[in-house]
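Each of the two complexes below includes chain A, the first together with chain B, the second together with chain C.
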Partner chain A sequence: MMLRLAQWRTALVSLVLAIGITLLLLVLVDAPPLEALRLLWDGSFGSDTKIADTLMAWVPLVVAAAGLLVTFQAGLWNIGVEGQIIMGAIGASWVARSVTGPSWLVVIAAFAAGIALGVGWALVPGTLRTVFRVHEIFSGVALFFVAGGLAIYLIIGPWSRAGIASTSGTDPFPTASWLPTIGRLRLSIVAVVVAVMAVVAVAVLLRGTRYGLRLKAVGRNPASAFLMGIATSRSMLSAFAVCGALGGIAGTVQAIGFHHKLVPSISGGYGFLGILVVLLAGFRTAWIAPIALFFAAILVGSTQLSLRLQIDSSLAGVVQGVLVLLILLTGGWQARRTRIAEAEAET
Partner chain B sequence: MSLLLRDVHKHFGAVRANDGITIEVEAGELHGLLGENGAGKSTLMKVLSGFHVADAGEIVLDGRALDMRTPHDAVTAGIGMLHQDPLVFLPFTVIDNFLLGAPGGVTVDRDAGAERLRQASERYGFSFDPTALARTLSVGERQQLEIVRLLWLGAKVLILDEPTTGISTSQRDRLFDVLRRLAAEGMIVIFVSHKLEEVESLCNRVTVMRRGKVVGHVDLPVPTAQLVKMMFGDVIVEGARPEAPLGPPVLQLDGVTLAERLITVEDLTLSVAAGEVVGLAGLEGSGQRTLLRGCAGLVPARSGTITVGGADLTHRGYRACRAAAVHYLPAGRLEEGLVDGLSLTEHFELVSGRRSFFVDWDEARRSTGEHIDSHTIKGTPETTADALSGGNQQRLLLAMMPKAIALLLMEHPTRGLDIESAEWVWSRLLKRRRQGTAIVFASADLDELLRYSDRIAVFFNGRVIAVVNAADTTAEELGHLIGGKQRTE
Partner chain C sequence: MNELATIVATATPLVYATIGEMINEKAGVINLSLDGSILLAAMVGFAAAVASDSVIIGFLAAIVVSVAIAALVAFSSIELRLNQIAVGFVLFLLARQLALFFGDSYVGQVGPKVPAWDIPLLSDIPFLGVVLFRHNLSVYGSYVLVIAAFFVIYKTRIGLVLQGAGERPEAAFARGIPVNRLRLLATVTGGALVGVAGAAVSLDQIAGWRENLTTNLGWIALAFVIFGGWHPFRVAIACYVYRGLLFVAGQFQEELPEFVQVLNTLPFLLMILMLTAVNTQWFRRLGDNHPRWRNFLASDPPSAIGTVFARD
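Up next is the complex of A and B:
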């Protein structure tokens, strides 16, 4: 019970500190801090269009974070999820551009292709890790650049718009492949439902299944898990595959649900941001949805800041980074205090 | 010059690694520090070399009390330590290793350094190529480099922690010559070992430690029997060993050679019958662990065959061995057995053999409760493994064992356990034995080996130098064999 209380206190302290530092930053760039916060709120939840945009940023972020929970459970740092999102988007784009048929069929095929490419791209660092002992962080970063390069190649090469080779993106996909939206809003119910299903599925997988339990054992102590007779390499590979599938879903939503074309930065940084979400959530599934929503809100709201106050919208990234650093910092400080207290109690 | 350690205490949690150690060493002395694994020798030497800070006590060198908080302080004071694994940076060149840790400015003058290395090496009859990579040196040569470096840094006291592990006989003789010469030149040399023979041949005086305390100091030579008795204490074997009829052979090793890191177990032939208990004696790192891991399929055999219950398991790997009802319990309970942060229920569920996709947690908690009762584990289904005491961790590991085991391989079944838990562990193991399980276990505890084994295989430097019937041997003889002395008739 004491521990829970301490965790809450830690979270609260870091949140207050983060808001304080953000306000300080705003003062430093000569912006009225309270006005800025109000604009941030208005820009993310102020109207139905804003809420729709925030939710559409929330979907890929929370799906990527859910995937990362699985790899973290297996003790893996799947930094490459960003590249897996790009590959998912490429797969979905290929279907959207080349398959004709009823809308539901094209959409399902796009998801299937996105998932397939996401899984395939995740199995590369997985294989390198389990067979060749290459750390997944290094291969993941490298593969992210490869995927990004491939997207740009497709955009200015084989899939370029007729007559122009521009990095602004491909031609819009045929509308049959677009995820249906509500009225004039950019909100797609299908995307939100898919995201909620992904989070729930991961929660059930990690908490209720034998598979999730094995991943937990492998993640915490692969040597013991191996001696218990668990196929550790296969468990790790499967965790990569699940995360890659979810990355592929995130990429598919970005391609056919939001941009409706392939653009160079199609992954939107949601994979990297997803890592921060999971760290901030302390690897607890129940927390990733609200935290991802908070991050999405800052992301979408900060565009208002740049429009109205001429503040660079990268402030959103600064706030998110500061918040995560502070949480990790206060968490480490808390752990240190607990250790000292325990040591004192012993003597 | 003399070195005095006075009433040194060092605790780790509840473990008293050093409990009031007092040792005095005079200049020119080759002082041996002898004791079984876990006697506290290494801790004491780490205190002396500034790696650990003592809880109490003082270290006086040349009449001056030293205040050492880091290894750097010790080097400055003139105390050099040669670690069991020489502290050599393998990707660096010889000269960079030599100059590392040397006092001086920002720049490195490699040419001047190479000249100094040459001079320092020549004095002791060593020679190095300064530009060679440390990786290309043998373990013995790395040691020589480290000695030269420590001497050049101005060491007046040289500590050597088990320096003969993994080096050749000729390199060992060379090392001993150098140590004798250093002592003759007025240095203090402390030689830490658990190898009786080496201490006897090298040192003039020896301190024997047991369980964190000094048993005594003696001037050499003395009869080996006296040293053995000091090292192991009086072993009293109570009660008759339970007799049980032996079944057909379960484990058969035929000319098996296994290699793992510095240890090679060579050409071993051994057969263990159903219901038989074979103890593996020997100093730690003599090959017992390698043999157990080899039988479990974790170390591939270089040659020979390993069969269990008639099935050839050579080169089949761990999972095949597990499928053939071989069970291996390593010494590191929390490192290679249990999972930190996982509850008892989760542990039992992992090894339950159930295959359903979803876990029935209510059922899992219920059956965990039964295991907890039947194995008297002090904990609840929600307790995590790391929160259990050592004895309860061992109970958990035994409770997690499969029902049918043909061959049980164990390292230190009762290390660190209180007497009650130790007795309980063996009551369980003997029950397995009555059911026909063949048991092979490694232990450093002579009492345990003599009390529970039918036969004892004694390891020395990777070789089984004797297989004795536990009923026909004594602790004294076993101690001799463990120290590398052949049976004296």
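Up next is the complex of A and C:
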């Protein structure tokens, strides 16, 4: 109970510090800080269209974060999830552009293709790690850049708009492939339901199944897990596959649920941001959804901010980064104090 | 000949960054923030150079920034016992965003550039003079760095002690070596060189500031420390060969315009291939079969890399 209280305190201190640093940054670039905070709120929750946009940013973010929980449970740093999102979007775009039929069929096929490419792209660093001992961080980052290059190649090459090859994106997909939205809002109920299902599924998988327990054993101590008869390589590969599938879903939602075309920045940074969400949540599943919502709100709100106050929209990333860094540091500081106090109590 | 000179000049920032990261990894600390760190150092270095109209101030400002980031990585690992990868990754994203946030108003500005300076006598040597000695101090500094890093690491006591801190910290500590202080020193030194790498881009190689100026240099550097087997000469050779390959590939660009996208992903395909190659059984045996070249051909990281050393 004491520990919990201490944790809340460090979280609160970090939040206050992060807000303070944000205000300081705003002052540094000559922006009115309080006005900026109000615009941030208005831009993310101010109206039903803004809430819809925030939710549509929440979906890929929370799905990616859920996938990352699985790889983190197995002790893996699947930074390449960003590339897996891109590949998912490419798969979905391919279906949306080429398959004709009833809307439900095209959407299901798009999800299937997105998942397939996401899994395939995740199995590459998985194989390199388990067979060649190449660390997944480096192969993952490299494959992210390769996937990004592939997306741009498709956009200006084979899938370019008639007459003009520009990096602004492909032609919009046929409307049959679009996820249905509510009225004039950009909110898709299907996308939100898929995201909720993904988070619940991962929670059950990690907490309530033998599979989740095995992954945990592999993550904590691969050598002893292996001696206990767990096929460590296969467990790691399966964790990569699950995360790749969820990355593929996030990419599919980005392609057929939000942009309705393939654009160069289709992954939206949600994979990297998902890692921050998981770190901030301290690897706890229950915290993923609210933290992802908070981050999505900052992200969507900051575009409004940059339009109105002429500030670079990277402010969102700065705020998120500062907050996660402070949480890590204050958490470490708290642990250090406990450690010192215990050492003194012993002597 | 001029082509080789271009390759040497363009490889310079990469050499600074890889040797810097290699130094802190030798001591057991990974600075995963490298890519963001270089970008922020390049931006701050450029801004400071524009404001003061002095390249030297620019380099110093860049060094201050990346030393601060490196010190944060070291502090959180040594004092707070946090995961180096986690802190490094957060700092990578944060430094990157800070560079975009503050760099916005500097895009497209013209700033000072490191002046060219031919080394007297040496620059008159046929062939080598043109390739190696008709550049500027930023480029010459990288030669000195590679050679100095080799001698310090393999021929001096402090180098031996540094390797001890990264290989067997407990044993080193038992012998009276202040492992954590040494790690802090190595990380800060590595950070300073990362700052030089950033400034070498924004004040020399490209001379200016724009978004993504350093084009993922940090990730390539991190991979090349591994490919270079944590050996200064092998690391440097990797950097030069890599720039050479990119230069050759660049020649195809004019004939095959569609080739551009392939070209942009080439560094990363090479990165995957290189990392896979050094981890194959064949390569691992190579080091065992040639004991004289053991250090040069090694492919194993310092044993205690990425771990926290706690005395109690």
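Heads up, the rule we're going with is that the second predicted complex is superposed on the first by the 347 of 347 C-alpha atoms of A that agree within 3 Å, B and C clash if a C-alpha of one lies under 4 Å from a C-alpha of the other, contacts with A are read in each partner's own complex, and residues count from 1 in each chain.
Criterion: a residue touches a chain if its C-beta (ideal position, glycine included) is under 8 Å from a C-beta of that chain, and two chains touch if they have at least 3 such contacts.
Only a predicted model underlies this, so the values are computations on that prediction, with no experimental measurement involved.
Visitor: Since both structures carry chain A, what do chain B and chain C do when superposed there: clash or fit?
Guide: When both complexes are placed onto chain A, chain B and chain C end up clashing with one another.
Visitor: I'd like to know which partner A:208 touches here: chain B for first, chain C for second, both or neither.
Guide: In the superposition, A:208 contacts chain B only.
Visitor: After the superposition on A, what does A:30 contact: first (chain B), second (chain C), both or neither?
Guide: neither
Visitor: Of chain B and chain C, which one contacts the greater number of residues in chain A?
Guide: Answer, by number of touched residues of chain A: C.
Visitor: With both complexes overlaid on chain A, does A:216 touch chain B (first), chain C (second), both or neither?
Guide: Touch partner of A:216: chain B, not chain C.
Visitor: Tell me which partner A:227 touches in the superposition: chain B (first), chain C (second), both or neither.
Guide: First partner only.
Visitor: After the superposition on A, what does A:321 contact: first (chain B), second (chain C), both or neither?
Guide: After superposing on A, A:321 lies in contact with chain C but is clear of chain B.
Visitor: Which residues would you name on chain A as touching chain B in one complex and chain C in the other?
Guide: Chain A residues touching both partners: none found.
Visitor: Tell me, which parts of chain C touch chain A in their complex?
Guide: 32, 76, 79-82, 85-87, 89-91, 93-94, 96-98, 100-102, 104, 216, 219, 222-223, 226, 258, 261-262, 264-265, 267-269, 271-272, 275-276, 279-280, 312
Visitor: Could you please specify the touching residues of chain B with respect to chain A in the complex?
Guide: 13, 318-319, 322, 328, 330, 335-342, 346, 349-351, 354-359, 361, 400
Visitor: Enumerate the contact residues on chain A facing chain B in the complex.
Guide: Going through chain A, the ones touching chain B are 208-211, 213-214, 216-217, 220-221, 223-231, 346.
Visitor: Touching residues of chain A toward chain C in the complex: what are they?
Guide: 25, 29, 77, 79, 128, 132-135, 137-139, 141-143, 145-146, 148-150, 152-153, 156-157, 272, 275-276, 279, 311-312, 314-315, 317-318, 320-322, 324-325, 328-329, 331-333, 335-336, 343
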